[in-house]
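Input: structures, listed below.
Each of the next two complexes has chain A plus one more chain, namely chain B in the first and chain C in the second.
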Partner chain A sequence: MSTSKKISKKDIGKILSQWSQEFTVLVPSKEGNVSKMARWDGKDTRFMDSHRNTVHPVKANFFPPMEEMFSFQKNKEGYHIEPAPPDEHKLLIFAIRPCDANALAILDMAFKDGYEDPYYLSRRKDTVLIGLGCTNPYDSCFCTSMGGSPSDSTNVDIMLTDIGNEFLIEEISEAGKELVAKTEDLQEAKKADEAKAKKVKETSYDKVTRKIDTRDIDKKLLACFENKDYWEKVSAKCISCGICTFLCPTCYCFDINDDSFKKRGARFRSWDSCAFPVYTRMPMENPRGEKWRRVRQKVCHKFEFFPMNFGSIACVGCGRCIRLCPVNWDITQTIESVPEIT
Partner chain B sequence: MKNSEIEQRLRQEAKALLEQGKVDCIIGYETGSLKFTTTPLITRNKDDVERLIVSPFIVNNLSVYLTEIKGKVGIIAKGCDSRSIVNLIQDNKIAREDVVIMGIPCPGLIDLNKIELSLGKDRDELDNVTRDNDRVVITIDGKEKDFPITEVLFDNCLECEFPTPREYDVLLGEPCAPVKSEVSKKTSIKELEAMPRGERWNYWKEEFSRCIRCYACRNVCPACFCQRCFVEESEPQWVSPTPKWQDNLMFQVTRNIHVAGRCTDCGECERACPMNIPLRSLTKKMYDIVDEQFHYKAGTDKNASPLLTAYEAAEVEDFIR
Partner chain C sequence: MTVTDMSQGKRFFASENVYLPHIAIIEKVIDETPGVKTFHFNFKDEKLRKEFSFKSGQFAEYSVLGVGEAPFCISSSPSRSDHLEFATQQVGKVTNALHRLGVGAEIGFRGPYGNGFPLDFLQGKNLVFVGGGIGLAPLRSLIWNAIDNRDKYENIDIIYGARSPDDLCFKYDLDTWDKDKTINIISTIDREDKSWSGRVGFVPKVLEEVAPSASNAVAIVCGPPVMIRFTFPVLIKLGFTPEQMITTLEKKMTCGIGKCGRCNIGNLYVCRDGPVFTYAQIKNFVSSEY
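Coming up: the complex of A and B.
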């Protein structure tokens, strides 16, 4: 086994510049004080100061809030349809957090299920994910209860651990190994660096204090599906906005609309949410007209239906839905309070 | 009166209301699941009232729940919230006798976003935040930092006209005076008005480009009580559901006009926005126009006709006949 490598923090700019030759490099950025992964400007490395996850989940880079699917124009022969130009950027996402990387693995399953979604998958193809372990998780984070951890490297290509003035590198995938092999300006890591990284990981793990027990959660939810009293109680304060679903790294519902004027227009898809009554409205009936039914749908989709279809819970414990909720509706409290099977 | 004393009186009051069958349900605040956060408590169980709290972080305007809860409700209301309740009464959305208002004089709420911006730390990294009259003391890494309230209260609290509820069944605590301070935020209405048109247009273009159309601004707003919002109409389609900045702007401008004469400047729309869009710059401007042009302050008189929905036969304007 070859010895592991590390990146000096002061070399980050240089290394990102190298990678920019081959990739479109995305880094944690701020726009109007709202953080998200966005194209690196080639200079600014102040994002290194932030030690916390972004408001926008990384899903937004592959499944954006809105995107054009195709444009159309009516002429004498009928409609002329022009597909939206494919996104041919090869993305490298720097400092993606373990939860968001795990969420992408969940989205990959959903967007390949039965029908291969060309929009999501073409952006996702050949993407390199450089993970950065969390050293200061939020009080809303609960990744350790969802099979992850602040240093989970399962779904990244390269994992970085902050050891002070440097990042220790772990090469996870073949693509990660290749990238490390051709990257200049890396340093050889010492035994002490590896020991330090191990310590950092342990400390970070213990900093995630929010815990939930998801054993048999799918069975418990199935058993309490018709328990209207329970669902009414847990949904009482929800205001049915779209924050928790839109900014959830694993929610993938979308709406499709045409915007047209006279003889030309385009078809767009944009985020949709099961929190909205209009999501299921039909001419005669709305099966989820009542709030408790919508809250139940959200919880059951993540913790019962998705596991049924894909064998995995569709929640990574990033805590955005708790942190960003205007009324502090807390999914961990709901999961903890699902009645035991009697 | 201290918050702890107000809390005690509140719990007694709420318990009595439920026990005597005067209300079916209590809406108040309890401790939230994140640091400093409070969360709405909606309960029909008298044992739950022991969880009711009062703090400088009781941000939610609870009147938003009144139109969806069946039966008689006992509700905790700050100055701005009580005005929203009066609006709902004026608009016949609720009946005065169906709501018992437990008023709380509100000296202003602490805006954790301002603290985060000023200290470069997130709220869960702060040890403690306490209000002491005109100061807010923040403890961070064991050290205390002092802020004048003018730097850390919500903008709408700094400009609040009626911190003490005007409509209530019981008032918990002594009336308090308005803070009356200029807002310190960079997007004060004055500065926006001073911008040349083109620059202001670009400013809003940039702000509304971030909107993801989660509708949190609309859904936290007690004045937005339409059964079916115009943005969801498809024939005609007033606004595209696709979150293009132009449509986002149209949505917000129309919403703003719809709540003119109902907006009490409770600030919930701006607080709820996850995309940090300065929505209050629009709503407060409308609030001021309503005041200047119509001499009307929303929710200050339950017997007044609603500003833009009432019609008189002797109306002078021809267009309305």
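Coming up: the complex of A and C.
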């Protein structure tokens, strides 16, 4: 058996440069106060110093907040439609957190199901994910209750574990193995490195202290669907700002709108949110005009309806909706307080 | 039997990209009521004209390019395929723009989407159509389909209502069906009106009075949500089981393919799993969300 490899932290720049030959390399970056996965500038490797997790979810790189679907113009022969050119960048995302990689697997299911979504899937195709285990999870993280963990490597190609001056490499997928095989400047790992990584993983796991119990949550939610008192209580402080859905790595609702000037125009799609009353509003009626119905939809979609359709809860426990909510609405409190079936 | 088991209709992609519309040309515009128009249209592409097929009850996304897109059922019958039809009330941005279009105008079309009515399940049964206002549009596709294949179905009862005589849609169809001895049709309006000598009363009430038998019957209901909500209990009273009650629902279906998220009833998406549902499928959620 070949021994595993490791990356010395001082070599990160060299290695990312190699990968940049083949891929568009995205790394955790800061724009003002907001962190997101963005194209590596080819030099700076200090981005690792403060990286706990990005504010923007990784979905934004595949399903942008706004994108053109097609453009059109009108001439004597009528309308001519021109689809937006496909995005053919091969992406490599460096230091993606396990929860965000798991979230992409959930989005993949939604966008592949039935009619395939060409915009998301063309960007997602051939993406390489280099996962980085968490050593400093937030108080709001609860991945260990959602089937994940700070070192979960299920949905990445290569998994890195921070062992001090180096990252220990685990090759997870075939694509990951190939990439490691052709990457220069890697070092051989020692037995002691592996033991150290094991210890780091165990310590990190215990640092995720927020826990929820999701056993039978779909059945419990079905039983309390009509329990207006409960939903009014848990939605009381929500201000319907939608930030929890925009920053959620698994939320994928969108809207479609046209814009035109004279004889040219385009159709766009943009993120939308079930938190907004206009989201479901029809000219004559709005099935979710009341706030408690919208909060119920958000919770039930993630913990009841998505599992019914895809066999998986649509939440990875990244905690963004908790730490970034302006009024401290807390999904874990809501789930923990769903009434038991009587 | 669940309606979602029905296999999806054939897909007609403008390309690999499901979101790109086909261009269609409006061939005729009919004023149904003061706010409702029917549009007859055909595809610009000759090949698509020949190849296109759909099922009664399916819908499509229609667009006025530059204004936006909106979902309406295909209101014509696949048994009469020289052109396609849809009907819409002038209520929002897209429908306002559509209502300004005349013969020769180009619109965008993607579809057909959704499951359509379960014809195999309906054959050999008594059909009880319960419609209100523009809710007759999807029923009309199935009614004509059944008339054109009359020997495959038993009795056909139609109970159709609108607010006033002026609000009755498809009056030309109502007249034709009235003359057809193989169909029993009852039209009603909500309130007394000098110009109306027929029945008066809300659709669910008239349904209760007419009391069609539930034996070997299927009720197919479409109308405003409030009418649908009050019709289900009447049907149950008449002995219809949840499996014998079919409805076709309307929601804000932006993408039409079960992705954009807003048209769900529980785990079912009206656009993808519907718009045709049995009451059995939606009864856990229907009282509060529809």
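Everything below uses one rule, namely that the second predicted complex is superposed on the first by the 341 of 342 C-alpha atoms of A that agree within 3 Å, B and C clash if a C-alpha of one lies under 4 Å from a C-alpha of the other, contacts with A are read in each partner's own complex, and residues count from 1 in each chain.
Keep this in mind: a residue touches a chain if its C-beta (ideal position, glycine included) is under 8 Å from a C-beta of that chain, and two chains touch if they have at least 3 such contacts.
None of these values were measured; they are calculated from a predicted model.
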item: Fit or clash - chain C, chain B, common chain A; value: fit
item: Partner chain in contact with A:Phe268 - chain B first, chain C second, else both or neither; value: first
item: Which of chain B and chain C A:Glu88 touches, first, second, both or neither; value: neither
item: Which superposed partner A:Ala110 touches (first chain B, second chain C, both, neither); value: second
item: Touching partner for A:Asp259 - first (chain B), second (chain C), both, neither; value: both
item: Angle, in degrees and to the nearest 10, that opens at chain A between the C-alpha centres of chain B and chain C; value: 90
item: Touching partner for A:Met69 - first (chain B), second (chain C), both, neither; value: second
item: Which of chain B and chain C A:Asp139 touches, first, second, both or neither; value: first
item: Touching partner for A:Val34 - first (chain B), second (chain C), both, neither; value: first
item: Shortest span in Å between Cα atoms of chain B and of chain C, once chain A is used as the common reference; value: 6
item: Common interface positions of chain A, toward chain B and toward chain C; value: 255, 257, 259
item: Complex interface listing, chain A residues touching chain B; value: 31-34, 52, 55, 65-66, 136, 138-140, 236-237, 239-243, 246-247, 255, 257, 259, 268, 270-271, 273, 276, 278, 291, 322-324, 326-330, 332-333
item: Chain C-touching residues of chain A, taken from the complex the two chains share; value: 69-70, 72, 74, 78-79, 81, 83, 110-111, 113-119, 222, 225-226, 252-260, 265, 267, 272, 274, 279-285, 287-288, 293, 297, 300-301, 304-306, 308-309
item: In the complex with chain A, residue positions of chain C that touch it; value: 8, 11, 14-21, 23, 44, 63, 65-69, 89, 91-92, 95, 106, 108, 224-225, 250-252, 254-255, 257-264, 266-267, 272, 284-285, 287-290
item: Complex contacts: residues of chain B adjacent to chain A; value: 32-35, 37-42, 60, 64-65, 68, 117, 122, 124-125, 206-207, 210, 212-216, 218-220, 232, 240-244, 268, 271-272, 274-277
